[in-house]
């Protein structure tokens, strides 16, 4: 017997959580795009999506975030540090890869200097992961040693029932336990079996890849140029990546006032590393793509003991020129040793 | 909209015709609404669509772009180039829902002080009827809060 | 909060060379000053800013022995530096830092010191130089080799004069061929060449080397010829940075975040980085 | 021999004779229905070229990227009519020298590939002349008409929702053959005309500026629309701009390779009904 | 940061009465970067300017904003003051709080608010102004005069007389213009030819004047001091250097019945012809539309007649000559209005309804009737002539709202000439007003009435028809309030003066402005009447507005004086408001090159050290650039900017509003 959340109790569940002061965010399909957004009822949710086009990263590390509001006057500058709203949030229906992404980024944002913006949001949020019932050609969680039912990054884990009537529900963190307490009357004990976890084929051998990347001799390999030749240098793979975290800080305003903002930036962009002198350490698209792969599968690992990829496959799924991590790592795997 | 709404109108004008026309309105002591702020450019050819967007961002309720009549451009053809740009830009704004009535274009020569005064009065009146351009101004306000869900 | 800077008041501005200025900044708030005093060590950098324009990264050019103020020297190039260059005494700017690691000068104690700098890279070196000169007794011979493209491009001219006068400092000044003026009495030649001519002994010597990449490259060769080991040569790296605290990803080179694990590295550490990305 | 095989062997021949340094075509993609750009430098690589109705990208983007043509050597490229149109514009804007480009032309009709005869841009004058009478894709036209029938406030709301999704990844720009600027206006920070932040206002500015910059220069290939990871219907706005220059100035972008840019030219009789 | 001085001028009461200057000063003083802000009654006065200068020196100001009148008024004044105080003169902006504010508003609070915003926005602009240096351009001391009528001739002679070279271009085969068609001239009644011909001869013989007849300006490029002018010399088919002007060819030409343009169709000419006997140069041209050889490929009688070998050359082509020119005088003259517009006056229907210009030819001793006034229809001497003034002029329905200025005078002259030639003759003149302002003019018209019996009838003619060989002219005498009917033998219409039919095209070619009719625009009607808005191009004669000979000549000398003044310098200083290209970011699309109205932008190669081409970029020639900024707006990557109106400046100005 396991605890289940029946589908028909989901509305009550949302209501209970809202009553407890939470906003509930879930996958929604709005204006021709799927993302996480606030919902009021179960029917607002698009839980059947394999994966939302946008990641939940958006809600922890938003594409643009006000940091400081300033007012310029003649002899003084008034500045006011802005903070994210102190709002409790539940992310319902997060896929394991997205949830893992948050866990992957935690050490980076907490490394020595704590990024308050990230952690305030992290602390306010409860992640309710739903294990995948389906996968598509681009999913590659298993290749990065995760799985369609990984609990990494989750507070509460849901597994869809084979009957389709609900989910097995399980708290996997203290925060999760506390959350379930708020809705315990709505949960039932049941012997319903969970639906089988989809088979996601391993597309590359991450160990082999890491080994190849770690060899300094390969840094200047022709491989990088060949593999990235068709890269057009947009930032869509980085911006839709659940773990990419690069950003820029910009002031925006008029003569009298403005806001200093933290905006997404991308290592794909030529300007990312361009010095004002005009010197650019990474002046070719191949060097930028190399940086992205190296950062994810070598540097990050070395620093934080984890690869900066959760296998969601978005990079390939939406790439305008059908590139992506999978292709590159597959190619590395298949390189003659 | 309230009676006391005083629209903000930003005018981008060429120095040889419309600016001089506005000077003539001044020397002729013609009275017109005080809602307009004039930005002087050498020629309508210098007036970039970006100016209009920034004026809107700064809270303009209407924007006026004005220069020499066709054939009269001090720079021979700046206004012809400008006219093409405006045609295209105007269509673009209209298609994205920025009302055409808020972006006005005119030819005012150095001799048309009265036309300038009338034009400003007319735009002021029309804009009062349209009310503040809240749609666009909201976008500016939202900047502070967006992303903070 | 993490990205909130300290307000700083400009005390004075000094023109160093064409397009290069030094600002002397003092703290507006006591608590910021306390924080700085508790944390600043030579080699660290900060983000200097002006609201409305943004922030720009450069080193703290003043030594850790003088913490009442911050001096920074920068070349005017982008949006922020152009505005900072226009700052005058009394203006408010911002500072975020001090960030990064430091020159381990206590490990330099009892050793000879060789400072080598080129052009606008004297400021980070100068911070170490003064940190050491202010406790002169702890170190043995001090040699400073400094070169610039032209005489006009030499920065801190008044301090160069001061070092020249001191008998406990051996100052070797040079300008690139063609950059000399008629009354120039010091060396003419590129830094690596002049360094080789000066031939400082590697024995018990720490070298601190700062300069543009091309100069570093050839100076390292010269140092190697002179018998210095890469472990005894320190340098600073200056990459584009935005956050200064190891988050924004910009200064990541190889496994290193320059802003957190740098900017001070030994030549050996630098050589271990992927050279193509520097 | 099918068209794919014919082009393959011709491409291989061009490469082995050294006439071209590179062939830009299509190869198999990551899934059965995807095709990806393929760069063949050797006759062997040319054998991997694929040409079928899934080859819809406009590859001219690569001609203006990374100084590909700066060595003066020739490149062969697979182009549909919209690509040829783009190439016309790039030639007229001095970005590509026509003699450096060998074209493998094809059209997709009724889900079949039809070869277009000719190998140099001059051979495709007919493609250009057809632009005048070509009808836009019905879906685009219909959606544009739906929008135009709305009130301005409704239209504004529509675009506000669409633009609010924009994340400023610049996939639209990077995918577009016409966005060849060395420094995009959005990367100009003195002054910062277009804010780099992807809040809705900044997104409005960016998308309006890009649409304006493409007015009279868009070959309607749809690359931006397809590239957009958040599904903003960019094609609509570009279509509307194309319609405007067509109706107001009888200008048809990419009609020939010696057109003057619509916004760098004028006629004294240009319409001005809206000017007071 | 910046140290800006703001000087708020009261302009007496002009500003201070409507703008609360104290509030303005207070608010602006609080603006970041404003070091000094003071007010004063008249900053343009000497003590006012001294205040500005002192403030600049004492505070090391980096920029100045004078909140006062229009920059068109006193920008130069204050720029000079800045320069005198050691500040770059381009670090000044004028905040126009008079013409654009105090004079046009009546709500003091709102006017003050507006003045504050105007001033603030210019403070932000001036913070981003750059030190600019005026551009020096060399002056080519050679003038081009377009049009060889009396105005053009006068201007050419004056400039040549000052020792400068002149190219005088005339599109007709001879110089002389309309004046050569006139019989006598008012108010002195001296013979037009007699006073004109010597000047024509002087012009063609002048060592400094190169007369190009039967030639037209093809294109004008460049700018003041440095124009490049291309001139098309139309094929004359007669070698101007060989022809002796013997006239044998004209005599022998078999095509003799071509209505002469010079004689207003009242006389004939041949296919090879000179327009009139005193033509300068006295070299014929062949009218290829009428010449038998050009029509049928046979004839060449003229060539056979000509005693000089190869003088007549049927293969002759148009040729082009290019000149470097420093200044241009436009004297392209006028035409008379197309009389077919006057159905009610029967022109074209009745042979004896003629224009004033035709009457000149009839009255001219060298004219078709050798100076006898005869009816075109039957060659009889008319007894009664009706003159109709304002035929077209001052008639908006005919598209001419203006007064043609010369008609009153020449009609009086015509009446007098008629009276002198036909002592029984009767002149009846329908007029609206008699406009006779000018030295000796009113006396002249009085003489026509009092001594020569001209009968003036005030009123308009409503109908004109033929009856029993007489032209019946019906009108209303508005002074008597009665209908009038006159049986006339001849009717002379004082047709309106209009611009040349191709005046607008010519203006566009030259690069000057024109009014709604096509008369050329002067830079300022009162203060700069002979200058155009385009530097280095001047106007004289009737191309600017209808004028009589004295006015045309006076204006010609004035234009010449301007040219001579310009040519007194070797270098010219120009406003440094010019565009510049950022090589690093220019994508080389060349759109700016196509957009530039002055062809001031070119392509420049950027090569690497080994001379290999890296890319091509746009390159602005600051000498040619006039600073309109059209290129800046075109440039998608913001790689061109305009000094004085940079993107940064405008951005700051807008963001401060």
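Note that the chains take the letters A, B, C, D and E in the order they are written out, and that residue 1 is the start of every chain.
FYI, a residue touches a chain if its C-beta (ideal position, glycine included) is under 8 Å from a C-beta of that chain, and two chains touch if they have at least 3 such contacts.
Going by UniProt, the chains are B = Methyl-viologen-reducing hydrogenase delta subunit.
Remember, predicted model here, so these are calculated numbers, not experimental data.
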Quiz item: How short can a chain-to-chain path be from subunit B to subunit C, counted in steps between touching chains?
Solution: 2
Quiz item: Between A-B and A-C, which chain pair is linked by more C-beta pairs in contact?
Solution: A-C
Quiz prompt | Centrality ranking, top chain (CA atoms only) | solution = B
Exercise. With centres defined as the mean of C-alpha atoms, identify the chain lying farthest from subunit E.
Key: A
Quiz item: Just how far, in Å, is the C-alpha centre of subunit E from the one of subunit C?
Solution: 66
Exercise. Could you put a whole-Å number on the gap between the CA centroids of subunit B and subunit E?
Key: 32
Quiz prompt | Shared interface positions of subunit A, touching two or more other chains | solution = 63-64, 72, 248, 250, 252, 254-255
Quiz prompt | Junction residues of subunit E, two or more chains touched | solution = 584, 595, 634, 647, 651-652, 655
Quiz item: Can you list the subunit B residues in contact with two or more other chains?
Solution: 54, 58, 71, 77, 81, 85, 143, 146-147
Exercise. Would you pull the subunit A residues touching subunit D in the complex into a rising list?
Key: 31-33, 53-54, 63-64, 137-138, 229-230, 232-236, 238-240, 248, 250, 252, 261, 263-264, 266, 269, 271, 284-285, 316, 318, 320-324, 326-327
Practice problem: Please give the residue numbers of subunit A that touch subunit B in the complex, ascending. | Solution: 23, 38, 59, 62-66, 69, 82, 84-85, 87, 252, 254, 259
Quiz item: Considering the complex alone, what residue numbers of subunit B touch subunit D?
Solution: 49-50, 53-54, 57, 70-71, 77, 80-81, 83-100, 104-107, 119, 135, 139-140, 142-143, 146-147
Quiz item: Where on subunit C is subunit A touching in the complex?
Solution: 1-4, 7, 51-55, 77-78, 81, 90, 92, 94, 213, 239-240, 242-243, 245-250, 252-255, 260, 274, 276-278
Self-check item: Residue ranges of subunit A touching subunit E (in the complex, touch as defined)
Solution: 72-74, 254-256, 278
